[in-house]
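Below are two complexes that have chain A in common, paired first with chain B and then with chain C.
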Partner chain A sequence: MSPPDRRPVAILGGNRIPFARRDREYAGASNQDMLTAALDGLVSRFGLQGERVGEVAAGGVLKRSRDFNLTRECVLGSALSPDTPAYEVQQACGTGLETTIHVANKIALGQIESGIAGGVDTTSDAPIELNEDLRRLLLDLNRTRSTTGRLGLVRRLRPGQVVPALPRNEEPRTGLSMGEHQAISTKRWGIGRAEQDEIAVESHRRLAAAYERGFFDDLITPFLGLERDGNLRPDASIEKLAKLNPVFGDGAGATMTAGNSTPLTDGAAVVLLSSEEWAAEHSLPVLAHLVDAETGAVDFVHGDDGLLEAPLFAVPRLLDRNALGLQDFDFYELHEAFASQVLMTMKAWEDPAFCSERLGRDEPFGSIDRGKLNVTGSSLAAGHPFGATGGRIVGTLAKLLTERGSGRGLISICAAGGMGVAAILEREA
Partner chain B sequence: MSPDRYQSLANSAFGGAVTKRLGLPKPPLLERHEPGKPLVSAPVALGAARGGRLEEPVREVLRGLDAHVETDVGSVDGRGELAALLFDASGIDDSVRLRSLYEFFHPLIRALRPSGRVLVLAAPPEDSAGVRGATAQRAIEGFVRTVAKEIGRNGSTAQLVQVTSGAEGAMESTLRFLLSARSAYVDGQVIRIESGHLATPADWDRPLEGRTAAVTGAARGIGEAIAETLADQGAEVLCIDVPTAGEGLSEVANRIGGTSLTLDITGSGAPAALADHIRGRHGRIDVFVHNAGITRDKTLARMSPEAWDAVLDVNLSSQERLNDALLGDGLLGEGGRIISVSSVSGIAGNRGQANYATSKAGIIGMVNALAPVLRERRATANAVAPGFIETAMTAAMPVTAREAGRRTSSLVQGGLPVDVAETIAWLASPASGGVNGNVVRVCGQALVGA
Partner chain C sequence: MSEGDVQTIELDSPPSLTSLYARAVVAPVLPGGRDELPDRRLELRGAEMEAEHVAAYSRVCGFGVRSVVPGTYPHVLAFPLQMSLMTERSFPFSVIGLVHIANRIDVLQPIPMGSSVDFAVWAEDLREHRRGRQFDMVAEAEIEGATAWRGRSTYLRPGGGSDSPRSDGDEEREPAGELSVSAEWDIPGDIGRRYAAVSGDRNPIHMHSLSARLFGFPSAIAHGMWTKARCLASFEGRTPETFTVEAAFKSPLRIPGKATLRSGRRDGGWAFRLESPDGERAHLIGSLRG
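Moving on, here comes the complex of A and B:
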């Protein structure tokens, strides 16, 4: 459906390191270590040593200030040519897919022939900042010239100022964590506990099965001794999950547990994109094409929409633009930030009232066949290092389409800040 | 630092004095290939038994090497003057004429310098005319193996190269390999050369330029060295290993400028996946090195069926299935090479390795049977059989077993992974088309399984 002056964008493959739970295998690894490892794994699979790639776009959400040029530093530390430019994008959980869109657009416009997109995040090697009072004091001290003035400032030092500022998993404008936000949506959409646990169990079961059949053999490179996602519980069951206490929401209506919400994780993922010509020159088979993408946002601060509800609107816009219906897909990759987010999304698209009032449609947007949803598991099982999730999903979906031979896949990722990113991948017969 | 501490000690000033006084062996420091060094750095002596057909072709190769051939061997009286002694014994057609070996080598053997080379060129006994000719040609093997044992303490090696009639022009890659430091740990071997499909490389230091090679088990150890050496000699290398070894595999591939493929070669889909990968990414493969192997040691009575199955499947059956895919789909190009890593255990047997020795002996049968099939396709199949090679696996052995492994060879030491790799690179060369169906040991002439 691309206008004729846009070139097709090929997805050639992906590589990620297994995702680790916070403070486990990657406790000592920095964002730079992980992203470099993911890049080097990709380079080795595709023989890109010394290759000048058009650009590398990647980002992380939890980042230290000294990593101001993180992605470029990773390129310099990788086996890629040092002549490869790089930049960062930060769009919360949408980062990895947003970078893919950026690189794809440059390829489509003919500005570059090849590019690598992805992201990384560490919740273990987190950026701890100076106490805000102390930071202001030190800045004032730096600006003050006179000795007496400086002495006056030094007298403002207080023991409490040694307490550092820790990164917070909460929305700056509401003070609520992502889980607390989603708990509100979960309640509003009437999503039950059992169906959430079911989604979580299915995610673990499918991810484990995909590992067993070697699906990830060419998508994952082990790192620091970790060979599979540390969060994966192949033996997860409804009974075990039912025993967990809710962690988000209040009172009897609270349904969101540590089992049906994603844990804090560390990891990195990247994908290789190119023009058709570049792929052919390098004898690299094209797995799929990135057809189109849409990023949206909702006013979760003042409006009626929940923090993670932007995809509810972005996906219909994307499909309408491409004259596609929700049924026109063979695979659906709905990022499992929380089981309830996935369930809420599907419920909204089936809901005549929502579809009419909020989407302006005469008919409901449609249903999703569960057999085509997250068929090799998703974030509940794999984990969700914020910046890395987009790269994980793009690589996975491209391979699923390759296995199927042809078909179309939909990606939907909700993000903090009331945002959402969606994309369509396609493989022609 | 050398993994062999005793060798370092025995070669130090103080340690050497002590070990000598105690009557302990002194493992020689083997010369190994260094880029830029001449292949033959001292004069060589070349002799022949009357009626031979190999002296002239050998002289031709030596000329190409810029080797100085000592014509007045009578003037050689000192020690350590000669880099190599070469003798064409193909003319010996009767046991009484074996004396020419004695006459050539007896006065010169002391003149061989450390890490020197003895090469005897002969004919395959079964090709010789008459019973007496075959008897005499077969007798040469005992002579060469003994010379190897006598000069091993100097780091020198001796080999017998049997050249079939008509294959006189197919010797160059083999002579270059055996004369050079690249063959440091190959000793006491009998190598058969037949006429085959050859291509002379433009650059003998990079004979694999423009060729694509695949190595299984390439993430570490011997496989890593094979991948590195093939890349050094110009090949584009596809490094293959199991998914769990992906991190090391990726490092190796990136270091040598190759590509990585994570694949469990025992999987039912592996042959098709490999064929697809080669077809899509490379079009064809010129050199396939079956290196991946595992051990699950237990004496037969204690061995579990799983241990038997796993070793046979990884070490042998999976190779057969991959070969079928490579040959069935025509992915192994003209001039192709299949090289399999066997083991001295496969030749001699080894206590506690019924599964492993069976698999490694099977490899010998496999390359013997494949050789005529590949000859039809102007390709070759060969095996190398490493002896004691210093790897992470041998470093973890009990000290007595490790020391026994190291010292019970003519070179009194273990080999290095690069020694196996260099041997494989020689077999992989487009100029080695005359070497087919050979099993070459890389064992420093280990005492077992001779």
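Moving on, here comes the complex of A and C:
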């Protein structure tokens, strides 16, 4: 079967609010507040007040049940036309890129002409649920009609049940946090402490430099007094990071610290996509095109692969399908969930054994030129509000390609649940 | 009021509303003032639009947290100054018994969260009302010398009405049928206490049915400025950067209670009306325009 006619999908720009560390500047802001702020910033930058766009797709990981229609609520509270439909996607840290793919696909098929994709997350205004025993008891109570039956149920009440259930950053099937999972992979791949700290320092240095030269001036809308990412430490150094104690992993071999792992953060990011025609009608320059994307997953529960290793497989599949080699890129955006995740990914693609046994290739997949990797910093410096990261990266990469004039960029984002999302962006000369 | 006669008093800090209410209760037994409004202006410089407080106010009134404060927010900072003027010995009326009948707010420039605002408050335009006499308490907020916000609260002192031809806007009543129902609100019984906590306005008629009864109300009633703020919040996404929002307060809204919001397009802006579920009584009739 031949692929259907696909129209090119243009990326017109991105907008996000600066990311804040947990319980800091955005402690009083909800997911809805942050996503609306990012959306309204995009709307004013591109003059979309009152405009009906094809759809808005966004999502968040830590969501309250009352936010069942979060994105639609944000659209209703934004300056966009209330006739703009919206929906949510939840794919952990891949959310912001997955929504971009959804919107892009509808544009490619001609179902919509324009769309906004992105995501949001708050770790400060986190959902708190009733204690599970108490929740079941209250549901039973609601179902029970007779007084004696109800009295019987009330006897099940225990003082401990008033303790609420807090959201946990752990995999339901393994009970391990993401950091604990990655600590296993870090050890298995033999990733050292010093190289992780180097990645972290470089991330801070490059993000700070990008801010200094005004790179983010048309990518960020200040929010609640914050103008730059709250986690950014321009003076981060190997010496300072070397003093931190490991927080994930056990014993002498533990290398993952708060400095080379992303902190819990709050924030939101969105990107504007459209058909060529829509961009021309609105006199909006096209920054780049979304060429193709691939989402993958691995069996991290019983299989051989680690929780954050899905991109190791998704990226080669994506590049093969597009007849591209790993060296055919001018920019690489490998989301820095942990410095060791980035290092492990690069190491795996250089490893003949892994490439032959797991990827079925005769040659190693290849190396990445560090000078082209995360050139304006990534999540270690900016922070990582789970759902917002994809939107941050798409907006950043599209602008990098515009600055360069032409070129190709690769995005790779690892996600909880053993998943990974990858995409290719391109700007023709 | 000629500029030369105005006495300006600058305050170091916002007055305490609790002691002002105490003064208000005592005031009627003290010798009254003259029969004209005082030529006094109260000023408070450098009031902070403090993010945490704005967020708490926003949650109670239904606004989202934005980088600019809700249009009705500056009122809660100006209100203590108004109360301070109205409870002065020289003020012609006892504040107990005054009825807040209307409020108009002009947002002339967006007020950023975290900004520092200078307030000035005065009373003006004592005039006839068919049910008594009315006057305006005006508040202006400046940011770096430029007027950013203006609030005008109209109070009625009932009694000795002139029965003059209606010139007080009472007849602006929008035929409810022309506005469509946009929301039905279940207003909780503690909304008076929650708004009191963020506005500082602990008038007993809003706090509890028992304290409200002392002042002749069958139950507690919602703050007028809360109902106005709640209505404005419902236009989130449709409120321009600068705008005027007006409200005429009609019958009190008993809490806990239900209310129906009706709205419709009017002259490039919006008209709205908050009424009882049966549509018999209007609580608030308002408009929003850019």
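The criterion applied here is as follows: the second predicted complex is superposed on the first by the 425 of 429 C-alpha atoms of A that agree within 3 Å, B and C clash if a C-alpha of one lies under 4 Å from a C-alpha of the other, contacts with A are read in each partner's own complex, and residues count from 1 in each chain.
FYI, a residue touches a chain if its C-beta (ideal position, glycine included) is under 8 Å from a C-beta of that chain, and two chains touch if they have at least 3 such contacts.
Owing to the predicted nature of the structure, the values given are computational and were not obtained by experimental measurement.
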Chain B and chain C placed together on chain A: clash or fit? clash
Chain B versus chain C as contact partner of A:76, first or second or both or neither: second
Give one of first, second, both or neither to describe whether A:222 is in contact with chain B, with chain C, with both, or with none. both
Once the structures are superposed on A, label A:214 by its partner contacts, choosing first (chain B), second (chain C), both or neither. first
* Is A:29 contacted by the first partner chain B, the second partner chain C, both or neither? -> second
Does chain B (first) or chain C (second) touch A:356, or do both, or does neither? neither
**Request:** Figure out whether A:45 sits in contact with chain B (first) or chain C (second), or with both, or with neither.
**Result:** first
- Mind working out whether A:283 is in touch with chain B, chain C, both or neither, as first, second, both or neither? first
With both complexes superposed on chain A, which partner does A:237 reach: first (chain B), second (chain C), both or neither?
neither
Clash list for chain B against chain C, restricted to 206-214, 260-268, 278-286 or 386-394, contains only 386-394
On chain A, the footprints of chain B and chain C overlap at residues 37, 40, 79, 221-223
Per the touch rule above, chain A residues touching chain B in the complex are 37, 40-41, 43-47, 49-50, 79, 214, 216-218, 220-223, 227, 283-285
Note: in the complex, chain C contacts chain A through residues 51-52, 55-56, 64-67, 113-114, 236-238
Per the touch rule above, chain B residues touching chain A in the complex are 236, 239, 243-247, 249-251, 253-254, 257-264, 267, 269, 280-283
The residues of chain A that touch chain C in their complex are 25, 28-30, 32-33, 36-37, 40, 75-80, 82, 221-225
